[in-house]
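Questions regarding the structure given below will be posed in turn.
All chains are identified by letter, namely A, B, C and D, in their written order; residue positions are counted from 1 within each chain.
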Amino acid sequence: MSLSESKATAILLIHCPDSQGIIATVSEFIAKNNGNITFLDQHVDEVKRIFFMRIEWELDGFAIPADKIGEYFDVLIGKRYSMEWDLYFSSETPRMALFVSRLPHCLFDLLARWKSQEIRVDIPLIVSNHRDLEPVAQQFGVDFAHFEITKANKAEQEAAQLELLQAHQVDFIVLARYMQILSPEFVSHFPNRIINIHHSFLPAFPGAKPYHQAYERGVKVIGATSHYVTAELDCGPIIAQDIIRVSHRDSVDDLVRKGRDLEKIILSRAVWHHVRHQVLVYQNRTCIFT
Amino acid sequence: MSLSESKATAILLIHCPDSQGIIATVSEFIAKNNGNITFLDQHVDEVKRIFFMRIEWELDGFAIPADKIGEYFDVLIGKRYSMEWDLYFSSETPRMALFVSRLPHCLFDLLARWKSQEIRVDIPLIVSNHRDLEPVAQQFGVDFAHFEITKANKAEQEAAQLELLQAHQVDFIVLARYMQILSPEFVSHFPNRIINIHHSFLPAFPGAKPYHQAYERGVKVIGATSHYVTAELDCGPIIAQDIIRVSHRDSVDDLVRKGRDLEKIILSRAVWHHVRHQVLVYQNRTCIFT
Amino acid sequence: MSLSESKATAILLIHCPDSQGIIATVSEFIAKNNGNITFLDQHVDEVKRIFFMRIEWELDGFAIPADKIGEYFDVLIGKRYSMEWDLYFSSETPRMALFVSRLPHCLFDLLARWKSQEIRVDIPLIVSNHRDLEPVAQQFGVDFAHFEITKANKAEQEAAQLELLQAHQVDFIVLARYMQILSPEFVSHFPNRIINIHHSFLPAFPGAKPYHQAYERGVKVIGATSHYVTAELDCGPIIAQDIIRVSHRDSVDDLVRKGRDLEKIILSRAVWHHVRHQVLVYQNRTCIFT
Amino acid sequence: MSLSESKATAILLIHCPDSQGIIATVSEFIAKNNGNITFLDQHVDEVKRIFFMRIEWELDGFAIPADKIGEYFDVLIGKRYSMEWDLYFSSETPRMALFVSRLPHCLFDLLARWKSQEIRVDIPLIVSNHRDLEPVAQQFGVDFAHFEITKANKAEQEAAQLELLQAHQVDFIVLARYMQILSPEFVSHFPNRIINIHHSFLPAFPGAKPYHQAYERGVKVIGATSHYVTAELDCGPIIAQDIIRVSHRDSVDDLVRKGRDLEKIILSRAVWHHVRHQVLVYQNRTCIFT
């Protein structure tokens, strides 16, 4: 899809009860209004009878002005099919906040991709409960906000964090090995807009110290899972997952070392999908349209 | 797509020069005639500006009789967009001939899948240039035809093979480690209907003894490639490819052993795609719509 | 290690508390007695301070007669280091019983490998709680024993199975998708000699219907795990594990289909390791020396 | 092997014609002199009858002073078995120079690992034929040397580079997507000490624009290969290789993007092996002892 990247596009993510003719109706809506479709993918959940679609088209020459597309679409099509839909524009750069603790590998990886323009985001802010990675933030010229978290001050600190995120107009949050559990209250402000990396193949080894658990169990494969954060710990919809092979030779430290590579690649892959608006969440599962 | 398997479907594979509105036109054609679309996937080759599509819908209640669908589609849509298209019906079971030499693993794997109804094909015939695997054919109750091949008799034997294939109404051929090179003349009778498994990650190590070549080169990964056979050796469109990791500990015999697992899985995967009409060939590349 | 396969070898699997000089002592014992070492691999569990070793050498010209090696080794070395050890000879062909229910893919795969001499075992017996796969047993010329299992007759039937296994001098059992849970009593007769294939990436999705669980959880990767059976369900030492990538497009039936390929490959890989005496179990972890 | 990391160790890499008793002799030499072996792995190339070994032991309490180990080993053992051997000490930090052109991903990845102390090296110098990545060097506080290369000045510039490398006491060079071919003369100064990353699964697609070649060939898998640089382009001994799956949906730009992740991981993995002295090169193949 690279050739179309230079041209401004609109992206629609849709889901609704399955029925006949939806693809025809939606694609006709765009084609008739002179939109050149550069991506169309759909999926039907045959169990729940839900229809999912991602469609992208070039705005150049499109008959409906960008700021009216949502309205027209909803009136002409969305309501008829009881659709839930989101509309995005490739010209809008999402604003991403990074939450970190002490481990730098995911942070470095995301910052390097941002600097290299591999991912098109703005990074106005790095938040941490420790000061260890402040030099990395400085090195890349990003604001660093330190919030020490204790049991006593957690609610208060989260409120302050939310305020800061709002002040920076943050669209979504990436937990780049952030070693704090966010409260359901906090999470509710960013539904399907907080991306976490868990260092195991979920649902195996949820919670703390998954590499130690994996070592104890003697697995031959370790994994990493990037998912949206929900109120229930490590149970949110999975965006990306992958694994690496290990053997009896690998100590816990080796698992940690090998896992780092996996974590940063999988987290960045999830961020890529999110930023490109390729992720459609329904209940606790995702469609990834690539 | 499993839930729809029990219902008879039609499958259209299409490619044509890209232009606006094709998806809408095709899906509308089906929807308006009361066809329930169970699969739609499309792809645009942005370099060559070619549009590709696979669409599958349930025939139950479809307004156009099955034997007229091709004609109607071509008149109403195909000609307008200069489409090349193929129409298949899930109710038709393809007839597959197996060509083997002495190695049994791919043969066993395909026969077991056939017996277990993992792949829906008829296997009227096993052809071989050796008698070694005749007991396997007998064990599974399939006709076995032995054609000894020499330089002198090759053209003649291929002619006899073609006659036999025709007599058995064979739709496509699978070379399950068949150690003979088919002549371009033979190949021309089954365009994109002969599936080969090459025991390397093509284009690395084409031709003979790829595991020996891989060992000599000291690779850390070996592969297998399933592709349609074309006149040029090991250069046809790739359907499926995968790899397995190896190390300095692996002798050539180990590569051969590990490779066997890969070969049979990849060949069977390619056969699956072919039988399900998921493969669209354009020039020397494939779209695999799954 | 293929070149040495033609020559008869002895294989020692050793573990003991770690201390200095073990490798030297063991390898010297073999070298001094004119044994040509064709494989030596060792591992130290740094946490538990346990030393593990697999050593293989050619018997041709070895000073100690084969039937005395164990005694000499134990007296001269084993006792000194408080070793637990097992001695195997490549000339002895292990006798494997297959337990199956209704799914044929793992059974076909193992029988095909046996017929093709990929794995060197004798298969005197196939045991099943259903009659579905009796034709497969007949097709491959293996005895088939049917044991209907109910809650009421389970203990009795297991006793009869054990008797039959003994009568056939079975060395180890492979559960090739056997859909019955063996009692701890039964398991105790074959410690680390019953190999199971579980159709998930354990410890994720233990117990029944793991593909349904995986689908519900929306994972992007599914796995298969081959392990020794212990009294606790799905908790025995893992021998082999691998995964395959899946997506939102995959229905439960697709997971089942893709999983089949994984299951048979992983189970056969575990059997390979077991038959080659490459597996060393300590507590609930395995060393796989390859 | 992590627990032993804190203690100073010596590492011997050995190869010699295979004969009986080498393992016993070497391990006895260390054990008798009170060295605690923390790693021993060996391999026999059965085709060429060459023995390979990596052995690591703790220096604390070892009877022979560190600066005499090489001499003693050679006199007592090395000469007897016609060994070629290298001796390293974990206390010595290798000095690594990075050569880059315009692509930053491998550079960022290696610098981040260095800053995070994932890899224990000193990086005294970044060399480039372009100025694009000078800011990255500055950001990480590493000297940056710019050498514009033309056909006319190449020999001269390489001489100047060699001088600079010597001045910085560089032990080995990493070509982190350096887009210049080094002359055989240059390479001869760093035998098996220049690590390159080639963005394909070598030997497939050597030379320029491998992703374009891979796209044209329609492969379903792309790879990356890290190897030592030899006089012949892209033909040196392979240290690490891995792959990522692609499909017809992936444009050349997508291959480039996906390949970046692979390249940086594989290059860093090769650097890890090299820095840990886990790589033994013999003719054009490597043993990787991990």
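The definition used in the following text is that a contact is a pair of C-beta atoms (placed from the backbone, for glycine too) under 8 Å apart; a residue touches a chain by one contact, two chains touch by 3 or more.
Remember, predicted model here, so these are calculated numbers, not experimental data.
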item	value
Between the pairs A-B and A-C, the one where more C-beta pairs touch	A-C
Inter-chain centre distance, subunit A versus subunit C - centres from mean C-alpha coordinates, in Å	41
Length of the line joining the C-alpha centres of subunit A and subunit B, rounded to whole Å	37
Overlap residues in subunit D, where contacts from two or more other chains coincide	1-3, 46-47, 245, 249, 251-252
Contact graph of the chains (line, ring, star, complete, other)	complete
Partner subunit B, residues of subunit D touching it in the complex	43, 46-47, 52, 201-205, 216-221, 223, 237-238, 240-243, 245, 247-249, 251-252, 284-288
Subunit B contact footprint on subunit C (complex, rising order)	1-3, 5, 104-105, 108-109, 112-113, 115-116, 118, 136, 139-140, 249, 251-254, 257, 260-261, 265, 268-269, 290
Residues on subunit A engaged by subunit B in the complex (per definition of touch)	1-4, 20-21, 23-24, 27-28, 30-32, 34-38, 40-42, 44, 46-47, 245
